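Which chain is which? They are A, B, C, D and E, in the order written, and residues in each are numbered from 1.
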Amino acid sequence: MSTPSTLVQVTDLKVHFPIYQGVFRRQVGAIKAVDGVSFSIYKGETLGLVGESGCGKSTTGLAILQLQALTGGQINFNGQDIAGIDESQMRKMRRHMMMIFQDPYSSLNPRMTIGGIIGEPLSVHQIGTPQERAERVQELLRLVGLNPAFINRYPHEFSGGQRQRIGIARALATNPSFIVADEPISALDVSIQAQVVNLLDDLKKQFGLTYLFIAHDLSMVRYISDRVAVMYLGKVMELGSRNNVFDSPLHPYTRALLSAVPVANPKKERARQRIILEGDVPSPANPPAGCRFHPRCAFATQECRAQVPELRNLSTQGKPEHWVACHHAEKLA
Amino acid sequence: MLAYFIRRLLINIPLLVGITIIVFVLASLMPGDAVLAMISSDTPVTDDMIKMRQGELGLDLPLHEQYLRWMGNIIQGNLGYSFVSAESVSKMIVSRIPATLELMGVSLSISIILGLTLGTISALKQYSWMDYGFTVFGFIGISIPDFFLGMVLVFVFALKLKWFPTSGFITAGEEFSLADNLRHVFLPALALALVRTAVFMRYTRASVLEVLGNDYVRTARAKGLLQNVIILRHVMRNALIPVITIIGVNLGVLFAGSVIIETIFQWPGIGMMFINAVTGRDSPVIMGYVLLTSMIVLASNLLTDLAYSLVDPRIRYE
Amino acid sequence: MNKLYKVLSFVLLAVFLLSACAPAATATTAPEQPTAEPTAVPATEAPAPEATAVPEQPAASTGPAGVLRLPLRPGVTVGSLWTAAGRHLDEAFLSGLVAVKWTADGVQPMLAESWEMEGEGTAFIFKLRQGVKWSDGESFTADDVLYTFSIYANPKVGAIHAGKLADVVGYADVKDGKTETLAGVTKVDDYTVRVELSTKSPLFVELKVPFISILPAHILASIPADQLKGNDYWNKVVGTGPFVMTNMVQDQLVEGAANPNYFEGQPKLEKIVFQVYADSNTMLAALEAGEIDGMLYQGGGIPVDQVSRFEALPNLKVFGNMDAGLPTFLLVNLKKDYFQDVRVRQAMMYAIDRKTIIETVKLGTGSVSNTMFPGAWARNDADLTDYQYDPEKAKALLAEAGWDSTRQIDLQRYYTDQVNKDTVDAIASMLQEVGINAVVREVKSAEFQASVDDGSLELAYAANGQGLDPSLGFLVTGCGQRLAVGYCNEQVDALYAQGQASADRAVRAPAYQEISKLLNADLPKVWLWWEVRPVAFDTRIVGLAEHYTEQPLLMFDIPVYNEIHLWYTK
Amino acid sequence: MTRLLEVKDLKVRFRSDRTIIHAVNGISYSLDEGGSLAVVGESGSGKSVGMLAIMGLIPNPPGWVESGQALFKGRDLLKASEGELRLIRGKEIAMVFQDPMTSLNPVLPIGLQLTEAIQTHLGLDKNQARERAIEMLRMVGLPNPAQRIKDFPFQFSGGQRQRVMIAMALTCTPSLLIADEPTTALDVTIQAQIVELVRDLQKQLGMAIIWISHNLGLVAGVVDTVLVMYSGFIVEQAPVDDLYEHPRHPYTLGLLHAVPKLDTENQERLASIDGMPPDLRKPIVGCPFAPRCPYRQEKCDQQTPPLFEVGPQHQSACWRWQELSKISTFGEPL
Amino acid sequence: MTTTIAKLEKIRPESLWSKAWKRFLRHKLALFGLSVMAVLLFTAIAAPVLTPYSPIKQDLRNLRKAPTAEHMLGTDGVGRDILTRVLHAGRISLSVGLVSVSISALVGIVIGVAAGYVGGKTDMLLMRLTDMVMTFPSLVIIITVAAATGPSVYNAMLIIGLLTWPSIARLVRGQFLSLRTQQFVTAARSIGVSNWEIAFKHIFPNTISSITVAITFGMATSILMEASLSFLGLGVPPPTPSWGNMLRDAQSMNILEGMPWIWLPPGIMIALSVLSINFIGDGLRDALDPRSLL
């Protein structure tokens, strides 16, 4: 592992959804879905982005691809700032950055054939002749493990797992360098999940892809990611290599999260001590002051209530970076 | 929520203005005017007199001035005076609206009671002969024009069977009595009710079926509740929510749609007033009626939303 | 005798107008000097007629005892000031100075006990009945008469019968707005009124006065004339008629209770109810169901195709062959150049198989007409061309006239009853047969009037009465007449003036026969037939049936005194 | 221990368009009083349908119980009338469903939804029922129960709603609680809260529990016995430790190996079970798992394997169960 | 490679439409409706050759004759053959239905797409316009407009079309708004498809099935409206027969009672055609149910 080069640099990303009220629809507040998130994704790596529902992880993914209007922040892709560039320029960029979606049912246009769906990125970006595109579509089908003969079929003739493969083939069509995978397996059955994850992994190796892998399934994230970022209420709480984050988590939230995951081993399960978090995630329209996790944190102090903890790198020189946003991370380590 | 309704009310204002402008223009396009319409068969009328009367009524002004004049009066709460009878339009409306409301009320009650009951039974006995029977009835109901139905009802129930009077509000020459009045309202109400019964029935059936498939109905059954409690408390309560919208929409439609039936049954409501006004080219009355019905349609939409929010605690209008 | 005829014809005229069915009829006529303003007289739609009812003969029937229930058309409930149909309400609630006798042979005293003519008809002195009370208890006096005459003449009121007072001295000043008081009507004493006329008008009392219902000055005098219409008074009329208005709901019903102080004696009926019907089928159904007691001109009488149906009802007495004396014709707009050639109009006469239509569609009712005067003495049928059905001839005439058979001709019809619809359809198809591409269009009366007004009219199926005695009418085909629509023949006007100059029929007949001949040849209208209007009433009401039996003429909408106070229920 | 529930050869069918879906194809199992059982399987495996069938909650049409017995305390629930079942439901057997959002009636306050069952089964009056409801809500850890009882479901968070559901299920202290994927719709931290809660309550109240889940990990710590279903068949059934340590069916093995382990570094490639579950619209011939099974033999295609006794209380429906003991990873050749 | 592509797919793919068609064919009422409609359409189109009579030509010697072998449904008040008129009326009534529903669909789709696709202020304005037209007491407007412009077949078509588009506009807009949130639309954006293409290639085709259903029901509504209009004398003007104006000719009690052959046929035709279109609509709705397609 030599010095990795950055493919995507996200700085202080904010996505707020305004709340309107009153007779004249004035804006009275905002849901701060993503509220100042920064991280980088290195070429060739998989960055896992985990968190519970509503923490802003999917919005982050959409915002990076400019599929969601930003409220603030920069996104640097391959040396170019793409935050807020105009639509037509962005459209040209899109061949390099693709997305895989969560819902295998609604992410494929039911009125288009598989060939049409997979070939669309090619025609949109005017890559190749129609003939070449048709060949490419078949090649892609083969690549994701589907019969190239299916080219004229419609999505409704396929199962969830197969559709997810079609979605992957579409994302790969233009040979992108970066793919955002937004919960690509959460809608699938266990036995199918493994197929898709393995496929993603194989493709990454084969084409040197870079993934942002968004998921709430921690074990899957650990399996597939090189580095992991943990989000809570629109903020990154912890970011580091997967082993660091999973084996020696520094943030109390990460710890609670990890301890909540059941393990398929009855003996370990029975013996394990869980950290049970009290209460629920607060509303992102009105997040707690200070550290956003403090109302549920066993270690919270006055400082946590008042002061927003910065995301700090706690690793020593030469070791992989390990960022954490907790005032007491050192004590917990 | 209050803000939402105020906002809705405000939005309705330009809507009403637009509607009145269009109707005003249309009404003025109708061939003939109130004065010509009033010319009577046995009376010699001179062109001078016609011109004079037209001048009195402002019919000789440019159209936009006539409209502004009318609008100005509306703002002061004055709906104007009938060209024909010189009665105040608001008084005419006020005196006729109870009859229309009664007709609507009875007809709506019939269709709601029948529609909801039959629809629910149909859904609960899905695929039974009753279900099929009601469904076919429903389709027939929405396929028969109400005026035709009205004619047939008069023929069968009033002329042949003599169960109900042919027309009118009460029996001519008798003191008002509720029983008598209800006998009169029945046939027109029925003629108006059939279509809506069918519509409500189909919506209720679909809605109940959908609710029956919901998890919370399964929960209720899993709790061991009595079937009746499940149907009334859990199923109906939820199934009614979409049905309310349909009822609300029909409220407005019914109000504006009773015109033909009121005429056929000589029901002295605002629908008949409107038809007479169209015939007599009595534009203040036409305008008053259109303004009223549009407002009622808008109000019933608003009411529907309100009812919605009452029945469904989840709804909070922002 | 003259009077009788005059009255009769008058009656007829009025009737005709309303006639025809449901909606309106057009019509015209009115006793006015043709000179005066061109009066046009169209009919209106929703003509509402109203009623007087009629009944008679005992029979089993339902219906509340002592109550007379009559149908009324909507929009007519304001009294006779503004709509002719208000006449029927006036008959129940108001009285005139005189009224046409129910036998139609002259006028009889009402609020005027007697009257005298000065000169050869230049002034009249009315002696008023004393002791008559308004229904609010006030006494009726000459002031009421003065007020009433002035108010009828006042243009701000817009009374339809204003023209009846055109001969009264001072009328022009009132009409021009110079004053609101009719100078020619003066009070001699509390019970004597003098009316001075500007021209000799010997028939003033018989022809004009019956149309004026006396109104209570003590209530209305303080109301500005332009606010009279729509005044609350009309919803609770205070009058001198046989009934006292007890309830009035616009376009729904009008009710009255017997007036115990009625000067002719307390009515035998306890109550009278006018029930309003907007739809003629509804009205017929109500009659059939026994919900009302009569069907006269209200709703157009009984459609001829339904006569047998109503005759079968035991409680109804149906007069199925009532001659309405009403000439029906196609109104042709002679201002259109393509109608100016008389051969075109002749062609239409030949194209329409009138006999067959009468025998079939009209179920044998009515008779062919070839000119406008219904009274046989006023025309000499032997002189008239009878235009026997001859489509070939029609085609030939059209060819000669250079008729363009591709031209679409708009044929208006404002009648909506089945027989008239079928009739007009039949006419249209016969015209099409010979190459006149007439397309039927159903219109509202206002629309028809407007088309006359703006000259867009082409053809219309219409009827209007000229009266059995032409002297009583005014010449609807004369120059300057509203419904002549382009026909102006000074010879006809001169003859008409000649006919008006004498009271002797023997003198007048040649003039009128000459007019008939001219109109038969010139064809200002395409003559079709004389109408029949069946009427019916419930036999539980005893009253007027004898009248119908004796006198096969319809008289409604003129102030015939029906003696309602003598009617009673079985 | 007494036998609480004994299900024998249960078959459930559904009609869809013109075909019949073979949802549950003859399953048998039993549960003792106070015992705990997990039914594990993927979507469409018939795990929920099997339970609903016992409760008489299969919507008919389109579904029906084709055959079988479900003896609850000796009475066959499948033969019980609706009236008899009604007395058992909610009182003797309670259920908690997957999605607390849709399983609670959205337009009724939760108090009413709790008390109606109490009043129905315990004959308490309104006030007593309310007291009982508040007590139950307190027991499941809902803050401020007395106030919140008037609130509507949408005013609660997902976790709280599931607590309400549990309170509702337990109001009549049933002897059997069927938890149908009660945590699937919840976030992992909330899931942990609920699992903990149910486990505590089971101990506290001594009821038997059937836990339906698709997550082998989740049930590992909460039940005694695990039953694995596939395409409407039970393919393996064993005491919990035995099942995880010595799976004797390729499908169980595959499931276990298809999920990465959270607590291990650098794992090898996940075992992936190729293909898809069979189409239940067609009758299944042979072993239902055969088409996806790396160890398939000719016999597997032709004959449906019975449940073999492969160890103490351990059964597996695989013709090659004996050989399976030799492999440690799914997919590795035999 | 070319040849391989051609050969690869041997199995004919089942398009959504063919799938929907199969589902439709299973709907008994819909099939019934379709066959009735087919018969009605056929008889309407072939009317001139099916009967020897003219729908307009009168025979005054044969008025109001009860059905005979010669006139199978009898004759009307001017001796026209009822059967002939009913069949010819079908041409008018059905084409008024078709044309007005086409106008309604065209306007509705254009406005709905514009509102749903452009959004923002345009959407606001268009929806207010839609609300306005929806709020119009439609019968009132119809009566007023018909009285103003005079009855004609074309006016009837226009009036009905111009008053019924709002429901389609709302439907289309609603579909646009809901489809816009579907992941396949985000997916299309993510691969760089232009907004225009998203609207017309991705979203619009997905609204077609609902539009089809709405149009079908709209057709039923239009036929009923034409009947009402003509019944009031505001629609198709005589002598051209339409079912509505034939009924208008049969309002009097003696015809109702004694001459059922005059009013029953048009009455039945209205009910039958509306009924069968409703059946078809119901079948289409089930067959095209988006839930069954995804």
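In this text, a contact is a pair of C-beta atoms (placed from the backbone, for glycine too) under 8 Å apart; a residue touches a chain by one contact, two chains touch by 3 or more.
Given the structure is predicted, the values throughout are model-derived calculations rather than measurements.
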Steps needed, at minimum, to go from chain A to chain C via contacts: 2
Selected interface, A-B versus A-D, where C-beta contact pairs are more numerous: A-D
Averaged-CA centre spacing for the pair chain E and chain D, given as whole angstrom: 51
Whole-Å gap separating chain B and chain E, where each centre is the average of the chain's CA atoms: 24
Centroid spacing, where centroids are CA-atom means, of chain C and chain E in whole angstrom: 47
Where chain C touches two or more other chains, by residue: 281, 285, 288, 443-444, 447
In the complex with chain E, residue positions of chain A that touch it: 62, 65, 67, 87, 90-92, 94-95, 98-99, 101-103, 105-113, 120-121, 124-125, 131, 134-135, 138, 148-157, 167, 170, 173-174
Chain A partner contacts - residues on chain B that touch it in the complex: 3, 6-7, 10, 318
Chain E residues within the chain A interface of the complex: 1-2, 5, 8-11, 13-16, 19, 182-184, 186-195, 197, 202, 205-206, 290, 293-294
Complex interface listing, chain D residues touching chain B: 52, 55, 57, 59, 61, 82, 85-91, 94-95, 97-99, 102-108, 116-117, 120-121, 152, 154, 165, 168
Complex contact set, residues of chain D against chain A: 42-43, 157-160, 187-193, 195-196, 214-218, 220-222, 240-241, 244, 254-256, 258-263, 265, 267, 269-274, 276-277, 292
